[in-house]
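These are the structures, in structure tokens.
One chain, chain A, appears in both complexes that follow, with chain B as partner in the first and chain C in the second.
What follows is the complex of A and B.
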């Protein structure tokens, strides 16, 4: 049976929808459609787009490689101080990204606590390179993988692992055939959330990796730079980002918007 | 040989201390209420819970130091615990594949087990697409796939629809009979324990309070709990339809009249239970509507507070429960002649071997 929704709720909901959709609509209206070709090349869209895709995918992979084992430890180990550890790990979600970038600079910059040593012994420099952009992006993306994976792991009845063991499966076989398949939706959700976050990353990247076209200037950075000199190009770049985000939402519509 | 445990295990503040001996080819039911420690015993046996001390010996070998995957116990879990992302066939083949049996061979063996234990179940189906009874049949096949040395059946009927239970119970009986090693059946329903097991061990508060053959325990329950749990009147026999829709249940100890919900076939095997409180006692032949009236002599009177359990030697033998007040009023004494009666509708009836639901006997080899 459907209950009737009161009118005031309808009104507020309509304002909410307008609030979210109006900027999108405005961008579409203001886009200089007649100068499409020149605006595109002028803003260096192709380069920034390529870089954004490479950086965001690399950051997603790195987030998964590090984040999934981390989630496993948080969900399954009984060591003391887990809640403190979890708080530290998910801090980048609530922390201003620019602060994260500063922290990365202090740690991994050429003169940083670890970065100096990296540079002197191995000749590795992260700042102002694509690697720096990947590191900064992973910093903000990985916590999303950790959260999604950990909650997925917690929702799996641990007796399944006991059952697998009793049936003769060693821990690795049980993880591969039983736990990971059950964890699939959570892993997918974590990966997509991390990728979407990576695609929009701005603050940590520009602070830590800089804003060098072709090396660290991803789409959001390109939008930021173009917004004064070439507003039309900035709008086009923004629309590209929006299109990609919508693509993510459509691909994941059921899993993210309805849970799993 | 067989299974011998003498174990102590703890989970939080709760402790179990359980000694069990099950011979090869024997089925022992571990019967207890919720919270008695049944699942703790299961976890200790399969090794997901470490023993505080004690030993588990299986087939002449100590297994309590082995990790769960090396204990060779075939477990049929409560809630079946079929792996949701694997098909029925992959679930059955899981243990074989974990032990590096070649894929084709594992699947062939799994398919054979499924065909015998779960006929009509689509081997490619995901567990979620199967009924509770079908899932439990697949779980049973899975527990046998690895040729275990111990069969551990953890409340296999708990999540199974009442209508599917009798067929599944008959199947479990067949499986346990064909299985050559010891079988442990964890149960909280006394009917399961009393009809499937060679011996019953009662578990209360983490301790085994009584062990014996089902008839021994029913004849002499040692605690009020045991009396409530297993003191039911139990009749196992074959049905014969009567003209008026009722049926006669012919048992080795005598015949009773029951009232089935649906027409029954002649010769169907059935298990019937009757609560002692539904049996009335009379000094003389009673008048009234009860269809089951038996004359016998009082074999035993056990008074427990306000209640008295009276065992009547009749054909069939019956146990009645009366208040101790009315026992005194009737001046019941051991050796007295007495009339016992109960209504056919009070008898709870489960028909077991509907031929459509049960695979033919003798097809369940290892």
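What follows is the complex of A and C.
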């Protein structure tokens, strides 16, 4: 049965839509379209775009590799203090990214708690390298994978696994043939959210990995640097970033909603 | 439900009405946009001293790279006073929205900073081009970043040194933070950053007078600002004896 949507809801919803879409529209209006041909050469867009794709994909893979097992532990294990652990793990979602960047510097920087040791014994330096950008981006993206996967795991009826075991399936076989297929939509949702977040990452990256074209300057950093010297170029770079994000979200929309 | 929704719509409106009628003018606020290299002297000394001299005045600082500040003033126009690290960005604000009472109030020189212990053994500006040195500069367009490139060009080692740059930071304070954390081998910042009063945990290496660049800081009242009268008083304070003494103790040279 459909009920009529109350008018105040319509009004607030319309304000909500305008609020979100107006800045987008304004960028489209303010973009100096006549300079389109030259804009991309000046801002080093190609380099930043390539770097953004590499960094965001690497961060997504890393987030999945670490985040999915973590979600499993949070959802299925019975160890004490899980709620505290979950709070710590998802903290980067609500923490200002620049704080994350400072924390990463203190931990993994060349003079950091662990980073100093890495640098002195193995000669590994993360700051100012693409690895640093990937680490910073993974830091903010991984919690999204953990949350999506954990909620997916919790919604799966464990009796399916019981049935698989009763029919002679070992635990690994049951995970591979029963749990993972049912978990698919949640994994996809986590991956897409993580990737979209990774594409937009700015604060942790500039604080931890620095800003150098071709090495750590992803699209958001390029936008930030270009905004004063080349405002038109900054708008075009922003539009590329927005188009990519919309593309990701639209392309995966059906996969995400399938499971719910 | 309907009542709740009506409240959601109406309450903010009521709150907005209440807000305007409740506003009083007991304290006046002065908004000062200042280059990030002025952070310590303005927030620790000049701001508090000015507030102490003028009852009911609250000085609010917006600190950042002068280029960013100029862009904010041009688009939003909320500054009463602009203190810039370069004449270029003051010119931009003079052009739009306009300024009055412009005066140069301080000078600053460049200095090389390294982490304590100077791990890369930097002794002069030419050493910054040695292979393997990790150098952090402020980005182009940021005054201290442009001055640093000018000094490197004066030393004749610009190209080789730029190859060693590992990060173009957003402002002077970010360069200093990276060096204080020991992340890079060297950076170029203002001499005032390494003064005793600034209390920074870095090692300083002088840049010779023959290649060094002198940054001149202009200050002015921004036209159309909410409190131009108070702004003029603040500008007079900064250019006056008390302001100048504070600046000198933080490592700034007087404007010539």
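Please note the rule applied: the second predicted complex is superposed on the first by the 251 of 260 C-alpha atoms of A that agree within 3 Å, B and C clash if a C-alpha of one lies under 4 Å from a C-alpha of the other, contacts with A are read in each partner's own complex, and residues count from 1 in each chain.
Please note the rule applied: a contact is a pair of C-beta atoms (placed from the backbone, for glycine too) under 8 Å apart; a residue touches a chain by one contact, two chains touch by 3 or more.
Given the structure is predicted, the values throughout are model-derived calculations rather than measurements.
Judged by the touch definition given at the top, the superposed model places A:111 against chain C, while chain B stays out of reach.
Within the superposed three-chain model, A:169 lies in touch with chain B and out of touch with chain C [touch as defined at top].
Here chain B and chain C are compared by how many residues of chain A each touches, and C touches more. In the superposed model, A:46 lies in contact with neither chain B nor chain C. Once the two complexes are laid over each other on the shared chain, residue contacts for A:216 go to chain C alone; chain B is not touched. In the superposition on chain A, no contact is made by A:23 with either chain B or chain C.
Residue ranges of chain A in contact with chain C, taken from their complex: 6, 8-9, 11-12, 105-106, 109-111, 127-128, 206, 209-213, 215-216, 224-225, 227-229.
Those residues of chain A that touch chain B in the complex are listed here as 157, 159-160, 162-170, 173-174, 177-178, 181-182, 184.
Taken together, the chain C residues at the contact with chain A in this complex read 1-2, 5-6, 8-9, 67-68, 71, 115, 134, 136, 139-141, 165-170, 178, 181-184.
Remark: chain B residues 43, 46-48, 67-73, 75, 77, 79, 81, 83-86, 94-95, 97-99, 142-143, 145-146 touch chain A in the complex.
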